[in-house]
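Per-chain residue numbering starts at 1, and chain names A, B, C and D are given in the order in which the chains are listed.
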Amino acid sequence: MRDIAIVSFAQSHHARAISTHNEVEMLMPLLGEAMGAAGITKDRVDFVCSGSSDYLAGQPFSFVMTLDAFGPWPPISESHVDMDGAWAVYEAWVKMQSGHADIALVYAYGKSSPGDIRRVLSRQLDPYYLQPLWPDSVALAALQARAGLDAGTFTAEQMAEVAARSRRAAVDNPFAQLAGDVEAATLLDAPDFLAPLKMHDCAPVSDGAAVLILAAEDIARELSDRPAWIRGIDHRIEPHALGLRDLTTSASTRLAGEKAGVHHGEVDLAELHAPFTHQELILSEALGLGDGVSINPSGGALGANPVMAAGLVRMGEAATRISRGDANRAVAHATSGPCLQQNLVCVLEGE
Amino acid sequence: MAEITLPPRLEGVEPVRSIRVPASIHYRYTAGEASSKFLREVAKKRLVGQQCPLCKKVYVPPRGCCPTDGVPTVGEVELKDTGTITSFCIVNVPFMQNLMEIPYVGALILLDGSDLPIMHLIQEIPADQVVPGMRVEAVWVPDDEIGPTLESIKYFRPNGEPDAPLETYKEHV
Amino acid sequence: MGKERVAIVGCGQTKHVATNDGSIATVVRQAAAAALADAQMTWSDIDAVVIGKAPDFFEGLMMPELYLADALGAVGKPMFRVHTAGSVGGSTAIVAQDLIAAGVHERVLTVAFEKQSESEAMWALAVALPFQPPMHAGAGGYFAPHIRSYMRRSNAPDHIGILVALKDRLNALKNPYAHLHEHGITFDSVKDSIMLWDPIRYSETCPSSDGAFAMVMTNEKGGDAAAAAGRPPAWVKGTAFRSEPTMFAGRDQVNPRGGQECASDVYKQAGITDPRKEIDVVEMYVPFSWFEPMWLENLHFAEEGTGWKLVEDGVTQMDGDLPVNCSGGVLSTNPIGASGMIRFGEAAMQVRGQAGEHQIDGAKTALGHAYGGGSQFFAMWIVGAEKP
Amino acid sequence: MGEAEVLTAPLVIEYPFSRTTGPVIGAFFTALREGFIVGIKGADGRVIVPPVEYDPETSEELTEIVEVGSAGVVTTWAWVSEPLADQPLDRPFAWALIKLDGADTAFLHAVDTGGDATALTTGARVTARWRAARPDGDTTEDDGVRRFREGHILDIECFEIEGES
């Protein structure tokens, strides 16, 4: 396998609604920022891959017009996934492994504000048995949380602790949307939102975008003083029906973590894409992350959750910390589907 | 497909073959900064395009970004509501939500001073008399109906000028 | 080409129809199971699944890979979804082959589908966005002016489109999987069909189909094993994507630069210097008949302005020296998200000698071509009977 | 540009989807119309409800439809104090995964407790509340309001705690 690294990352100031800008306007400055930081212009990019979903903002082919933000002229080699941008990184990484590209640019964006994200995400479900009931994303996560609480996998106190820690961490993250110095005990006093979930257990609704640049071998060293090398990347999926899964654990994360080589060394930090507090606990357990691991130092998805970009942001946040020298070995994770149905795990290292 | 076996109570029962599942999702569409600026001018019957600072091309309607350079189109250029038909299509098929009487002409119209044709309707001329190069002008809806939408231009019609020679719009066909 | 050679060892598809009576899962499953059977593999042999389709609005199913994981045997495996507009079927095949070429996996299943009968696909394409001018003429209304421009630029006579439509529909009669089987079709019946979007007639447009196409790909070792077992694979000799902006000043929508450069790239990878001579058969994405002469020029088979002459001279007929769309093409079968993969897969079937009645004898090198959006997305591959 | 100056407008994406079911999903809906519930035998012999077409472990096509009970046990649940549009009930209710008698897997539906957030527990027994069968000879056209069972997941209006009605 070729050595491939994340060499640059840029993200928006995620917010409940970025309504002054359309998707192109939201993305364009970030593309310039990410390429500027790597010291390259667009002509050096061999491959572009993006992640987004038509359903979020209700616009078929929204990714088609959004590509204009890159200025794809002369024509470029480009692809798009209707998945979180973390999977676009995977496609770009494969393209680079096959020798077709040395520098790849990946972007992802999502605006949840134009629609009701809870209803929109119900369109991901089985179209015969589930869609007609309109079960929303929070409700399904609540079923998962209760299963874990009943099984003794985690406690409401641990969930609140995740929320409090994430918000405290997000204070130092200028891009986060939800931050603050708050105690878990205070959070636990709040009324139920969708029991057993309280509001603090759920990620905020966010608009946002992110851009990440990958480079191979010596080019990575040219573009970054300290590239974040991808040492392993893998993703796995589980059965769709909730009744066919053990909701208290994440078999697909465990497997993806093994394949990506999480255990081949000590992990300094992990950026986990957990839109709900209990999902962070499930993911940490599945990845075997011990007490010494700093989890979601950015505040995670609980600090800002731009759907379709939130997983890509996790990769960028982990890579940025390696490039800054804050960490030497990090795990980045992205999820897709109801109750962690599909998961991607990436292991990043400094030199 | 393999044959399925049914429990006794389903044997001989007329099977369900399809289900109806209507689905409706409501969104709030945001035009964005550049389009909003443009549409607010449309409400004043003005067509204000934007120009790329690098390639100098003028886009109407602007979307805030030069599609070839990937930079914000910052310069503003006011255009007249006249232009040239670069190509067209005669529509003979009724479409959903479409109140047009068929046949009607949808044309690519290069507004004078702009660099990208827009698609709009051509009226006040029989469909079979529309030709490329035809000079046209916008017909606006009555003043009290004008708003920040491209629907404020009802259609385009010939403005009586002689057809433009191909050289003047060759880059666009 | 990547580090590993890639071989297509299994192809499968549904009988394409207006309405497939099964569930959405059944449609993808039928194609995938057929491809596996053709490859003499079982579900457990597959390392990863790559799926493609056009907008999720068509079936009202957001990120359908989630619901389809079980049907495609993907549980516990990597499952990947691609969406690049109309070119998606081709792009999906390229992403799948990259997984092998990069040495990430040994055996990959790829499938692309659309079940247009779930909704009116035309609606999904014509969502009226606020603030736009009041024109909803569908895909034909978008492409017709560009076809008119082509006719004007090339001085092509009006009957060229009719010849293409007639050829493709007659070819479809030799393909049991094609959607349209119009036994009574004639030059005059195409000519007399209603002019929908002048200059596009009804019989010069593609149908709306339910269907899927799947392929099983493997590395050199797997390809050699299949060949040794008397099941010749198709070897991938080159792949390329190109995209350009949808709308920009001076954009040539008749002969887009993205398509030209995509073709040049894929030919270069395959070592092809004279495509007209070296390519034996082409599966080209032609949803409206006039795109055949336009793409013949865009893909460097003819000088600019002369593609229509190849059509008129019968060069692209099955008995011509550059047969195009022996399967009947998109004009006979259009499950949108799958249409690109059908082009790629039919190209593979030709060089494997498994195209049945629409087989071109001795086809050694084939081009699969897909495009999407407003002719700004391109995906192509060259496959060959001989190992590159 | 300030938020007030940016133009917005409502956009509705609406489709009257008609979905063909094939025989397995069709059997489930046929049974619902007739007022009972079926599942399917998985490759390992367990009974999966609602029936899936392909085995989640072995991927093989499943074919043996079997009848299960209309009552069962709640394996997990969530309390909805503010239902969203189109959900099965417009007053507070519970979503639950329910393992029906004779089934080995749980499935999702709504449970009506009359609005009582404390009535339900994990392990509680619940039973289906059925919509009425279409009376013989009734041919009223459907106007979008579901009055009778027609072969749809909402032929079960919801579940309710056993013994309470």
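In this section, a residue touches a chain if its C-beta (ideal position, glycine included) is under 8 Å from a C-beta of that chain, and two chains touch if they have at least 3 such contacts.
As the structure is a computational prediction, the values presented were derived from the model and not from experiment.
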Chains touching both chain A and chain D: B, C
Farthest-lying chain, centroid of Cα atoms versus that of chain B: D
Averaged-CA centre spacing for the pair chain D and chain B, given as whole angstrom: 42
Chain centre separation in whole Å, for chain C relative to chain A (CA means): 33
Between chain B and chain A, distance of the C-alpha-averaged centres to the nearest whole Å: 36
Rounded Å distance between chain B and chain C, as computed from the means of their C-alpha atoms: 28
Overlap residues in chain C, where contacts from two or more other chains coincide: 21-24, 26, 57, 59-60, 70, 75, 120, 123-124, 127, 129-131, 245-246, 248
Shared-contact residues (touching 2 or more other chains) in chain D: 1, 6-11, 13, 15-22, 24-25, 29, 52, 56, 61, 152
Overlap residues in chain A, where contacts from two or more other chains coincide: 19-20, 55, 58-59, 65, 68, 71-73, 114, 116, 119-120, 123, 127-128, 131-132, 239, 241
Chain B residues within the chain A interface of the complex: 19, 21, 23, 25-35, 63-72
In the complex, chain A residues that touch chain B: 19-22, 24-25, 28, 31-32, 42, 55, 57-59, 65, 68-73, 111, 113-116, 119-120, 123, 127-128, 131-132
Residues of chain D touching chain B in the complex: 1, 5-24, 26-27, 29-31, 33-34, 36, 38, 61, 63-67, 144, 151-152
Touching residues (chain side chain A, partner chain D) in the complex: 19-20, 58, 114, 116, 118-119, 127-130, 132-136, 139-140, 142-147, 150, 192, 194-197, 239, 241-244, 247
Sites on chain A touched by chain C in the complex: 1, 48, 53-55, 58-61, 63-65, 67-68, 71-83, 87, 90-91, 94-95, 97-100, 120-121, 123-128, 131, 234-241, 251-252, 255, 336-338, 341-342
